[in-house]
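We just call them A, B and C in the order they show up, numbering each chain from 1.
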Amino acid sequence: MNILDIIRNYSLKDISIAVLASHSALQILKGARDENLRTLLIVEKDRLELYEEFSNLVDKFFIVEKFRDITKIVDLLRKENAILIPHGSSVEYVGSETFLNMPIPVFGNRKLMIWESSQKLKMKLLREAGIKVPKEYSIEDEIDRPVIVKLPGAKGGKYFFITNSREEIIRRIENYVKSGIVNNIEDVLIQEYVIGVPMYFHYFYSPMFNRVEILGIDIRYETNIDGLKRFPLIDKVSVEPTFIVVGNIPVVIREKMLQIVLKYGKMFVEKSRELIPPGAIGPFCLESIVVDDNNVVVFEFSGRIVAGTNIYIGYGSPYGWLYWNEPMYMGRRICREIKIACERGIRNLELILT
Amino acid sequence: MNILDIIRNYSLKDISIAVLASHSALQILKGARDENLRTLLIVEKDRLELYEEFSNLVDKFFIVEKFRDITKIVDLLRKENAILIPHGSSVEYVGSETFLNMPIPVFGNRKLMIWESSQKLKMKLLREAGIKVPKEYSIEDEIDRPVIVKLPGAKGGKYFFITNSREEIIRRIENYVKSGIVNNIEDVLIQEYVIGVPMYFHYFYSPMFNRVEILGIDIRYETNIDGLKRFPLIDKVSVEPTFIVVGNIPVVIREKMLQIVLKYGKMFVEKSRELIPPGAIGPFCLESIVVDDNNVVVFEFSGRIVAGTNIYIGYGSPYGWLYWNEPMYMGRRICREIKIACERGIRNLELILT
Amino acid sequence: MNILDIIRNYSLKDISIAVLASHSALQILKGARDENLRTLLIVEKDRLELYEEFSNLVDKFFIVEKFRDITKIVDLLRKENAILIPHGSSVEYVGSETFLNMPIPVFGNRKLMIWESSQKLKMKLLREAGIKVPKEYSIEDEIDRPVIVKLPGAKGGKYFFITNSREEIIRRIENYVKSGIVNNIEDVLIQEYVIGVPMYFHYFYSPMFNRVEILGIDIRYETNIDGLKRFPLIDKVSVEPTFIVVGNIPVVIREKMLQIVLKYGKMFVEKSRELIPPGAIGPFCLESIVVDDNNVVVFEFSGRIVAGTNIYIGYGSPYGWLYWNEPMYMGRRICREIKIACERGIRNLELILT
């Protein structure tokens, strides 16, 4: 597979946007519509009912048994001059190996998305970028403060737990190993639980404009932890807290803090170029805890569009308006970048695809 | 009264939208403006000061002593070819009997709104639709988990309480009976308090397009429970929690969960046709707890527009944009449906009014 | 300095909007763009990197060492027919004395902004306006309920604390005095901590239309208190709560409560005319606790634009749409008022500047 060869055979005037029917697919389809790009939706049979409700946004449906069957339709996709927009479900459903080698142009740096799926590599990139991160513990360490224990690939916060007891960590991880939830104890991340408020910063690195844009911010809405806080019997009834992300709420940040947020975004892009060339392209997210007004700790990143951007579909985010003076949200911003690259010619398109 | 006869005398090119000055009236008026329909506002004297600030949205004010005096002006309203858009205050202020028999066309199924005002009928519809609901207890039952106790017609959550003690339930309900807050102990609903996070799904069933649209989601903001959770002395100072809805916050849901949300909406419409013909028409809401990413429990419904839709006035909800590619919010969606029905002719208008 | 003389020399067809690069500057610049007014940004060197990202919104940068150096460039600003839009950082960074006497037209009543910086004067205005406020305590009083202790000029809630112990108050204030955080013990405000939910109401008093508009509402997002509420080990690990505002979340209020919100706004404007002539002009905010559906307590006000309005940049607030039928947010609303005043002539412009 040579992606550059594929692109060179594309008709730049007739590009289409392909996406897996999940995560932020509707937003991306809408963004493509706004930018007058054709849309292709790869959809698993049992999700078709939902997406057919939005057939106004789709030019062609490609129905597959499982998302990993995308490999069987790459020829068809290429005939449509398709660019795949990856999102949070892409690596998960397609599988790392397959995702990395699919012979179809992908918007962004697919290697970055693979890094993201390792809890430990992900923290390494942040740390080496010079971004403030929580302290990390190994299972041998004494636990001297609250920590959050994160399992490898545990999408959406499933099985995460918070504790300040080394005994509890050992006991629970052993149970997870027994029940097959964890294969390799080495992949478990034991991370300082930073006290502050969560904020998730949505960035877009634009090779076309050579700049990092802050396109929005959200707060995740997690079951059951965000319900427990308003449960009056919490002291009388014992309930195990869980951290499963089921929604997102919009938020803006104090303007003076945009400085540190922007700085972090730039540091992330720069270091990613060194460690995972060609570095971050397009959307990424720094999942953060704001400790005080000039102290932001990043406990995770996403190397692609995050679902929190779904809150700004159509009407655009406050920050999107500042840069663009029109309704701008991540799905549209991605398609705008592709459109501009196509207009500028093949050399530019090569800069944003891998 | 025969509503069909009334409609047949209407001039379909000169329909007007009538609404009681409360709840989501401003949104509905704005929606009518967006759809170029005339607007009539029925307003109680002591609310006039507020609504006069928005006289730009109102073609005619009808000032009444009490909302139930709407019966005295139905002739005037009919002369304006008026369609009344009911909302959360309509049944409450007008009274069930009066509301059910007003000789004026009402958008939606008025019988559904009557069902809604009974805690028990409301749960029956949900249960029979096959939607997951919380366990229900009678006052004789042993209480084996936290429950929320809801009084009949207690608008906005007033007097609700959460407990896991049967003694407390009996004691408090007896007090409510004594003080006249509760008339009939049989009307009190004792419902399992489901642990998870609340989300309120705004639906629109469109007879014109024969589809259920998910137009938005909100989280209710309740005093004092949402303040207590950030009150540092909560363990030292005893404060009785209350659940009075005073505001709404926007939220989006994980895209994969739109499947179950849509399915619930369709099941609701279908069963409502059987139990309360002609079934749900236009806006309704499923008040839900998201327990995990494929487990949603519905603890209540509203058979008309909910106030949570007010968050999307003007700029439109993320989901509204997906369906409509323009700013779409519930008040406008209602008026759009009416406008389309009028354009298609009298037979279509009959499908959306009762 | 005579502001009226300055204005009389301005070319009303070529007004520009000047703002300090902080707080809500981006919003105000964007608002000026929307209203076709030129923009001038006064920026400290170490903030330049951020604001250069938004150079699309700025016609001229004025780079200063410190914001208080604005006094050195007033001549240049006046040559641009500049009107300074003050915000939450203006008095703080420029200094009260300097701010009050700067020979440059300021939108709004600068004396009101000075009042705002005194915790005690601020409560006096609210109280005398007839607005419900929390009980106030002196350090000699017995503390019979939870109170919040606020330091003078403590921007963003720094060093605030909540307690119900007089001993704790005395001990902590003594420490603050020792460490130089507090100079005068008399300036400390000991205020009843009202139980309910916070809501921050954004108003605009328009001399051009002689009306008070409710343009939006937000909830502040404070570290670490809003994180502590979802921290499962809160009972096991002792963490000092802090109240530093780092973000804002959008919210709408129950429609019937708009009555009391509007009434409070009008009462505020009226009393401000008497105590601080010419009274409130343009944006102000009543920081409130909603106790129940007709009980709102105001614990603070801001006499200028608040940062919570940043959530509505570009797409406009729900209430802004109701009044204006176009995307309207505070930064734009300010510039709209100026534009209308300029069109109507010098006498009108004099009504909105001091």
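Note that a contact is a pair of C-beta atoms (placed from the backbone, for glycine too) under 8 Å apart; a residue touches a chain by one contact, two chains touch by 3 or more.
Everything numeric in this text was worked out from a predicted model, so none of it was measured.
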Equivalent-chain rotation between subunit C and subunit B, CA atoms, steps of 5 degrees: 120
Equivalent interface positions on subunit A and subunit B, same or different at half: different
Chain centre separation (subunit A, subunit B; CA means) in Å: 35
Multi-partner residues of subunit C (at least 2 other chains): 222, 226, 228-229, 235, 249-250, 315
Touching residues on subunit B, where the partner in the complex is subunit A: 145-146, 162-164, 193, 195-199, 211, 213, 217, 219, 222, 225-226, 228-229, 235, 241, 249-259, 262, 289-293, 315-316, 318-323, 325, 327
Of all residues in subunit B, those that touch subunit C in their complex: 22-26, 30, 33, 47, 49-50, 53-54, 56-57, 156, 221-224, 226-233, 235-237, 239, 242, 244-250, 307, 310-315
